[in-house]
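I've put the structures underneath this note.
Across the two complexes that follow, chain A remains constant while its partner is chain B and subsequently chain C.
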Partner chain A sequence: MSAVPATPLTRAMLVEAPDDLDELIEFFHARRWSDGLPVVPPTRERVERMLSCTPRKPDELIAKVAPGFGAATVERIAINAVMAGCRADYLPVLIAAVQAMAAPEFNLQGIQATTNPVAVWLVVNGPIAEQLGVNGGMNCLGQGTVANATLGRALRLILQNLGGALPGEMDRATQGMPGKFSFCCAENEAQSPWEALHVERGFKRDQSTVTVIGAAGTHNMNTHAKDADDLIRVIADTMAFPTSNDYWISGEPWIIMSPEHAEVMHAGGLSKADVKRRLWEASKMSAGRMAKMELARTQTARSEELGTITTDTLLPVSRGPEGIGILVAGGPGTHSVYVASFGDARSVTREVL
Partner chain B sequence: MVSNAFIGLGKAQARALGHPGLPLAVIPHPFGSRTRNEVRALADKCVGEIVKLAAAK
Partner chain C sequence: MTQVYDPTAPSPEALQNMRRAVNDLSGKVVGFIDNAKPNFNLLADDIAELLTTRFGVKTVIKRAKRGASMPATQEVIDELAAQCDLVVTGSGD
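The block that comes next holds the complex of A and B.
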């Protein structure tokens, strides 16, 4: 590649890079343009092929990405998508994801610069999930699906390269977590007994959406409970732990419910809203379980919401039952996942256009 | 105002927002393990610098 600046200035620069693959990989690592894994070289041809999958202009600004507030233009999103290994037709999903992350209620500034391990979890709903092969079934949070692996990775590269959240610099995570490499799945809409997430949020079933969520981790919940009441009880018990951000700040935790567990709930006559309400009630936690410092922080953060808070106060995990998210995903098996949240962030859904 | 563990973030954030030379008041890290009295003592030590920066033009 030659060192020719592209015009106008809002377009990306062409830079000269080594032809040798080993040297090329090191070239990206040395500039901290990668997540630590080798990247696909974003040649002009690859980027142009990706840009052909959107009617938007390359220099259109989608959002400025906190905390560095780099400009996420369509072209820059495409470059990071190429680097992550995305197929060209994934681009509209990433554009919608960047729009979603820029919504003020998502608090990207906090998510990017915190010591918390929070990762951005990307959920894809609607027909585009099947079109692109985004996995919402077996091992949907694991390895082996191109769309899941590369969409999540592209989002991380965007957060790092455009948002400036380099580990140890503006990304202040104490440990971080593996989901910061990639955290993306679809909903298993075909095997859900309930309305899909995007329908719950006012979109039509045949619209495609992305939802971004500030996820602090994944905790497996294995239970063979065959009774809805029993299942509610053990999931609620798992949700209530005293080091959770959700309880001291009033968060937005999520349950990734396996189709089998969702069917148990459904067979017990529970709608998705019913499950949220029951979990919200059953997961209230005694404030006395917290460390004294967290109790003091909770008193500062939630007194307006809950009144005087003492060690006897039962704290709800979120402001109301609707603050608990439910996504049906995964394959056969008696495993659901508890996703504690960053706390000070609300998930955002945007249509993929 | 940043604790010394976050100087890098503070400087990078100032640069990103167009104020690369923004003066920062730096206070010792961490707070979490300190008693209320220790935090008060730290505040007494740092307040002069904070007032100086806040009043600077």
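The block that comes next holds the complex of A and C.
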């Protein structure tokens, strides 16, 4: 296939590809430009339609994406968004997400190259979530919602095609995890008794934001507890496990709290900050539960923070209570989700403009 | 034939070149950045001994990171850059 010159170099290149759809799909697979699923062909017309949804110029550099540090221009973000099946008006969300992922505290280089099963979880807050139909209710982490499925998928294609993190090459994940295909939801702001995540982080309620999180899994916490103290106790007990990255390096774990569980906490008189503080205290774990190697790593990583660490030391899951993230999401049901973190990554929130 | 966009991005424009070549280890100062993975310190200790006893390296300076997935502190980078002729960064377990 011969390349069709495009100018200048900051612009993406058009290439000739087969007309036949089956052959075209294979064309993308063969170049490792897909995530293993068929992609929507990023034709000039589709990409131009997507670019019409932002006032930004196509060659504007948003960020360089670790670990390959490919240039994520607006145009290249749009190309990958088209491939993922995104609707044209999703583009500003992805631009903000790329900005967020490039913040140093997110440690994208570590997230992309690690052996850990880390996905970038994309959370959408504010009015744009409803405008675009991003699901924060029933099955918000599951299948069936176009915005959730395709926004998360587009982010993965950006991480792979612009960041260069191909599985088995720069992406060194031992097993990876299903969230690496797509991991995106909104907050269920309407059914939360507390301030929304973006408001907690200093944005106005009517501003729209994305938050990116280095997430290492989703663990179901099914409990019919109707008492806040009881609920705190069982969630905290779930958080503390000796193979968690959060305890050896002081991480940033998240609770995706169902509206029912959030209401139990609220009825018990607890604010979101109260819940974080209570969980932080109750989830301290004895260092003696760790394998000897992890105890040694913890002593290296956290002695500056905690002083001398022995098998009797009670390790907090994060440096402070504010290091625990809480998002109210999901529909009816007695399920909350524990999201252990990569450990050495801090979530980042950026406004969608 | 149809035309589609290449979804990848070119690599960064500037090639990273070594500041200067090191042809001989004799009398040189070698740095190690311990990535804090288990046993890297033991490996670095053995290599340091070989470098000094067999290859005439003058000094070996070892500094550790807090964890493998985080960068060395600027203080460590500055110190090693100022004192070393070459630096080995730890990788793997």
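By definition in this document, the second predicted complex is superposed on the first by the 350 of 353 C-alpha atoms of A that agree within 3 Å, B and C clash if a C-alpha of one lies under 4 Å from a C-alpha of the other, contacts with A are read in each partner's own complex, and residues count from 1 in each chain.
Methods note: a contact is a pair of C-beta atoms (placed from the backbone, for glycine too) under 8 Å apart; a residue touches a chain by one contact, two chains touch by 3 or more.
Only a predicted model underlies this, so the values are computations on that prediction, with no experimental measurement involved.
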item: Touching partner for A:Pro67 - first (chain B), second (chain C), both, neither; value: first
item: Contacts of A:Asn107 with chain B and chain C, given as first, second, both or neither; value: second
item: Chain B versus chain C as contact partner of A:Val15, first or second or both or neither; value: second
item: Chain C versus chain B, contacts on chain A by residue; value: C
item: Touching partner for A:Ile79 - first (chain B), second (chain C), both, neither; value: second
item: Chain B versus chain C as contact partner of A:Ile249, first or second or both or neither; value: second
item: Which superposed partner A:Gly168 touches (first chain B, second chain C, both, neither); value: first
item: Overlap of chain C and chain B interfaces on chain A (superposed complexes); value: 68-70, 164, 293
item: Residues of chain A that touch chain B when the two form their complex; value: 67-70, 113, 164, 168-170, 172, 293
item: Residues of chain A that touch chain C when the two form their complex; value: 3-4, 9, 12-19, 24, 33, 41-44, 47, 64-65, 68-73, 76, 79-80, 83, 107, 110, 114, 157, 161-162, 164, 249, 293, 296-297, 300-301, 304, 342-344
item: Footprint of chain A on chain B - complex, ascending; value: 5-6, 8-9, 12-13, 16-17, 32
item: Residue numbers on chain C that touch chain A, as the complex places them; value: 1-12, 36, 38, 64, 66-67, 69-70
